[in-house]
Amino acid sequence: MELLLDIALLALLLITAISIAGIKDLLAAAMLAGIYGLLSAGFFMTMGAVDVAFTEAAVGAGISPLLIVLTLALCGRQQRGDRQRAMLALFLVLPVGALLIVATHDMPAFGAADAPAQMHVAPHYIQQSMAEIGIPNIVTSVLASYRGYDTFGEVVVIFTAGLGVLSLLMRSQGIDEPTVEPAPNAQSRDIVLRVIAKVLIAPIMLYALYVQFHGEYGPGGGFQAGVIFAVGFILYGLVFGLDAVRRVASHGLVQFLSAVGVLIYGSVGLLSLASGKSFLDYSALASNPVSGQHIGIIAIELGVGITVAAVMIMIFYLFAAQLRLQPRGPSLTPDHQGTDAGTAHLASQQQGAG
Amino acid sequence: MLSHLPILQVILPLMAAPSCLIIRKANLVWLFTLMVSFAALAVSILLLQQVHASGPISYQLGGWNAPWGIEYRIDLLNAWVLLIVTALSSAVLTAAHTSVSRELEAGRQTVFYTLYLLCFAGLLGIVATGDAFNVFVFLEISSLSTYALIALGRDRRALWASFQYLIMGTIGATFILIGIGFLYMMTGTLNMADLAAHIPALSESTTVLAAFAFIFVGICLKLALFPLHLWLPNAYSCAPSIVTAFLAATATKVALYLLLRFTFTVFGVDFSLSHLPLDTLLIGLGLVGVFAASTVAIYQANIKRMLAFSSVAQIGYMVVGIGIGTATALQATLLHLFNHALMKGGLFLALAGLVYQLGGSRIEHFLGLGRTMPWTMAAIVVGGISLIGMPLTVGFVSKWYLIAAAIEQQLWWVAVLVVLGSLLAVAYIWRLVEAAYFQRPVNDTVKEAPLGILLPAWLLIAANLYFGIDTRLPVEVTAAAAQFLFGGAAP
Amino acid sequence: MIDSLLSGISGLLLGLGCFFMLTGAIGVLRFPDFYTRMHAAGVTDTLATFLIITGLMLTAGWSLALFKLGLILLFIFFTSPTASHALARSAQHCELKLPEQSSASDPRSPTSTESPPPPAMPTETITTLERD
Amino acid sequence: MPAPRIWRHSNRGPVNVLLASHYNYWIVIALMMIGLYMVIAQGNLVKKIIGLNIFQTSVFIFYISVGKVDGAGAPILSAGETLYSNPLPHVLILTAIVVGIATTALALALTIRIKRAYGSIEERDIQAAEDKQDRATPPLPVGQEQ
């Protein structure tokens, strides 16, 4: 049964990928990319990778189609046919494919319990993490403690991306410059959207907090929580206008918080350095090593959550602010309605994944 | 605190980057960045001393032992590369304030320095780590910040160059990720030393072979080895001058380090050079790269672009050194790593001064510069001579070792081609000399480049001369590092 | 006894839910224009999700999962109609025409006749962005 | 630690076993090729980015498949369960997904800027504009130029 599900999902993924490659309408491609993300999240679920499925649902089916749609709103949705590069592409892709096929020749069978990947390092995590770290979610143990430094790198990557987008899309004069256009038209006048958005935002935030602090026991953690938290803000921004959401969290504040999250994570590491242990050795944080691990993991997950939420909100601000620069004039209201559906789906997918 | 040096090396700039956003004022941020860079330089000097005195250092991050946690492992090779990266970054940053305040608008300067620090930290992280997946993470930190830094260039082409680099770089990084995945699948570990212990038993496995191929191609994309170099000239010629100087002096060096680390330490000399025809491939690609890139360089009107192609050619020399596959040849590669960083750092900084005064770096800007900007022009000429490989400059030292290694292995044709390649360098450097010294200045009022840029540029150029005469330090360190790679690699 | 009854009901609900979901999908593919397609997607979507989740709740027993499923149900009851509403509003806003005219007279989407029918998210929404 | 052994299909039965046991990997390979093909062949920048996403996601699917153990559950410790999927690939892919979205965001921001600067997001148009800009530069006074 499980195998059947697996085969069906992968076949669907393949079909989706092929149709993305073939379709000329970019908006349809973006939506198919969202479906692709959702399907792969489903696949990860069947593979038992619940944390990954959660993240992929939030990113692959949520944030990334949202950003693509925002980009398309600025760049147009039609693609011109271009057959020139097809031969070159085939010429490059076929050897890669051949190499990959050759590589499968000596691979261990799928799902084998005695494959080398399952034998060497991983058993230690499964058998020892309860004694050494004391939390049931092994993925969180490995993520936050055994390989906590990778996760620090991951937070810095997100921070870098936020800064990169900032450096690309910020106005030349300054960062906090007020927008030129009058605001009256900026918010959706649709009563249904406004009411539902108001009703939903509080539970979304609550859910984000739940995911943030439940990561030790179930799927979830700082990254997923940060994304959901940001989604709450994005929904607010989409319905009530960019200015309204900026009044809640100004651009400068968001920028500041994105740095603070990284600093929190790093400071935990520096604390353990200061007490003579290795960088990010949480056992230095309390007299009992296991409770030290607990404290450390909660602290760094908080750092991750803050940075991720801040960067996602910042990226949304920057992309959305670009829409106002459109020479065609204010196109905010329809845009809100257009992308709101995407957000609603996104939020529901996240809920489903949780 | 001395035992924490390996992590401090990376964590200093990494933590300093978000702090920049909190400081906010561009001048202060520059000062702060500069201090951090010099602190990192001090750390790397201490590290090199420690490693030289007492052998490789291993640092367990999070207090978890090696195959389970992430390990930093500093040996002579990475200590050497760390020193190069931090030293060049410090020199480039000294010049940054003058150049950046001219080339970038005030609002973007803070973000610029933050991204610079992130890129710097990413490069250091790649070099310091002993964990294959950690390499990928830090590779992405440095890459993402590099894309953003390049896109800060004033010309709109900077955007397109950055996009092209982003696509190629991401494909490269994903290839590396695939390779690491294959390795993990076959061995169950991500630690480099642990991988090195497992791979000899698996050398017949096609999966490991494919892993090697993917990692090799992925790194070569980042390294801009000849047929995969297409992103480099655009990226270098469109980026802000300081970014070009920094990337040319450090980024490709780190990619080359990664190539050495994977071929020699992880896969082992036996696997990479004996088992596979990698030596022929590398010599071939390297030499073709030298000739193709040098020839194209001769016809470039934009001098930044010309030097970018020259970088591709110089990478060719380094790769030839790996391909010859002896300790001497490897030493030549490691020497050239250092020397090329000095040359290109100095040359691109001098160009930054030129751009500061003239607003561009096309060949017509050079007319008569020998008279109007004598010091800047002199720096460029000395750097160019070093690039050609004339005696008394560092360029000579590394080429000498390379030719000696080729002759040692009876590869006469390689030696001859290396010399011929240098002649092509004469051709493109001569164009500058001719324009600057044998033509009339278009505009007599042009002033010398500001001291803020000229001094660091001359510092690097002087280093070109100094290490060309007193070769003890680099030769000693690289000899030991090359020995270490050949001796300590295959267990 | 109760158990088998419960599982029987839940199986029935799941089956019905899947059936409606399928009809909705077929509707999206087969219906001629945006509004009817949206009708097919929106109405069946809400009903089918309701049936499927109720079916799952019956099998979950008294547990945390039941509670979570209930929350998801509540969430979807809010979002799914709202999403349909938002779509219809934007279609109305840009005075989207019915297909007979639209494919012939819309210069912006010359390829729309050849391209395969759009997926569950109707592509027409973004036209609003471009027209205003 | 047990020495890893080399897997050979010759000692593991007929071809259909091979097909079933590596089904995931075949699909992953197909997805990778489609993604890479899109990145290279598509002229539209947004389409390239979507292709890059597919390419990266296929690698994620590969990693997660590596970590799968038949009959094992999610790697969350619970009483009475002894068999868990391998948590390490999950952790690696969590990081990789984040890296992927970071790259996507940056690439899309670049696309917006490119649209502003060149008026198009088709590679052909941009290349044409570049060539035009190259030709528009004045003829060079120094003799060696082409």
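We just call them A, B, C and D in the order they show up, numbering each chain from 1.
The rule is simple: a residue touches a chain if its C-beta (ideal position, glycine included) is under 8 Å from a C-beta of that chain, and two chains touch if they have at least 3 such contacts.
Remember, predicted model here, so these are calculated numbers, not experimental data.
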item: Partner chains shared by chain B and chain D (touch criterion as defined above); value: A
item: Chain located farthest away, centre of chain C as origin (C-alpha); value: B
item: Best-connected chain pair, where connection means C-beta pairs in contact; value: A-D
item: Chain whose Cα mean lies nearest the overall Cα mean; value: D
item: Between chain A and chain B, centroid-to-centroid distance (C-alpha), Å; value: 32
item: Where chain A and chain C are represented by their mean Cα positions, the distance between them in whole Å; value: 25
item: Centre distance in Å when chain A and chain D are each reduced to the mean of their C-alpha atoms; value: 16
item: Interface hub residues of chain B, defined as touching at least two other chains; value: 133, 137, 140, 144, 147-148, 151, 184-188, 190, 205
item: Residues within chain D bordering two or more other chains; value: 4, 6-7, 32, 36, 66, 88-89, 92, 95, 99, 102-103, 106, 110-111, 113
item: Junction residues of chain C, two or more chains touched; value: none
item: Those chain pairs that satisfy the touch definition; value: A-B, A-C, A-D, B-D
item: Contacting residues of chain A [partner chain B, same complex]; value: 99-100, 102-108, 115-122, 124-125, 145-150, 152-154, 156-157, 159-161, 163-164, 166-168, 170-175, 255-256, 258-260, 262-263, 266, 269-270, 272-273, 277-283
item: Residue ranges of chain B touching chain D (in the complex, touch as defined); value: 133, 136-137, 140, 144, 147-148, 151, 156-157, 159-160, 162-163, 166-167, 170-171, 173-174, 177-178, 181, 184-188, 190, 198, 201-202, 204-205, 298-299, 301, 362-364, 367, 431, 434-435, 439
item: Residue numbers on chain D that touch chain B, as the complex places them; value: 3-4, 6-7, 32, 36, 39, 45, 48, 52, 55-56, 59, 62-63, 66, 88-89, 92, 95-96, 99, 102-103, 106-107, 110-111, 113-114, 117-118, 126, 130, 133, 137-138, 140-142, 144-146
item: Chain A partner contacts - residues on chain B that touch it in the complex; value: 4, 7, 11, 14-15, 17-19, 21-22, 59-64, 67-70, 105, 107-108, 111-112, 114-115, 118, 121, 125, 133-134, 137-138, 140-141, 144-145, 147-148, 151-152, 182, 184-190, 205-211, 213-214
item: Of chain A, residues touching chain C in the complex; value: 19, 23-25, 27-28, 31-32, 34-35, 69, 72-73, 76-78, 190, 192-193, 196, 199-200, 203, 328-331, 333-335, 337-338, 340-342, 344-345, 347-348, 351-352, 354
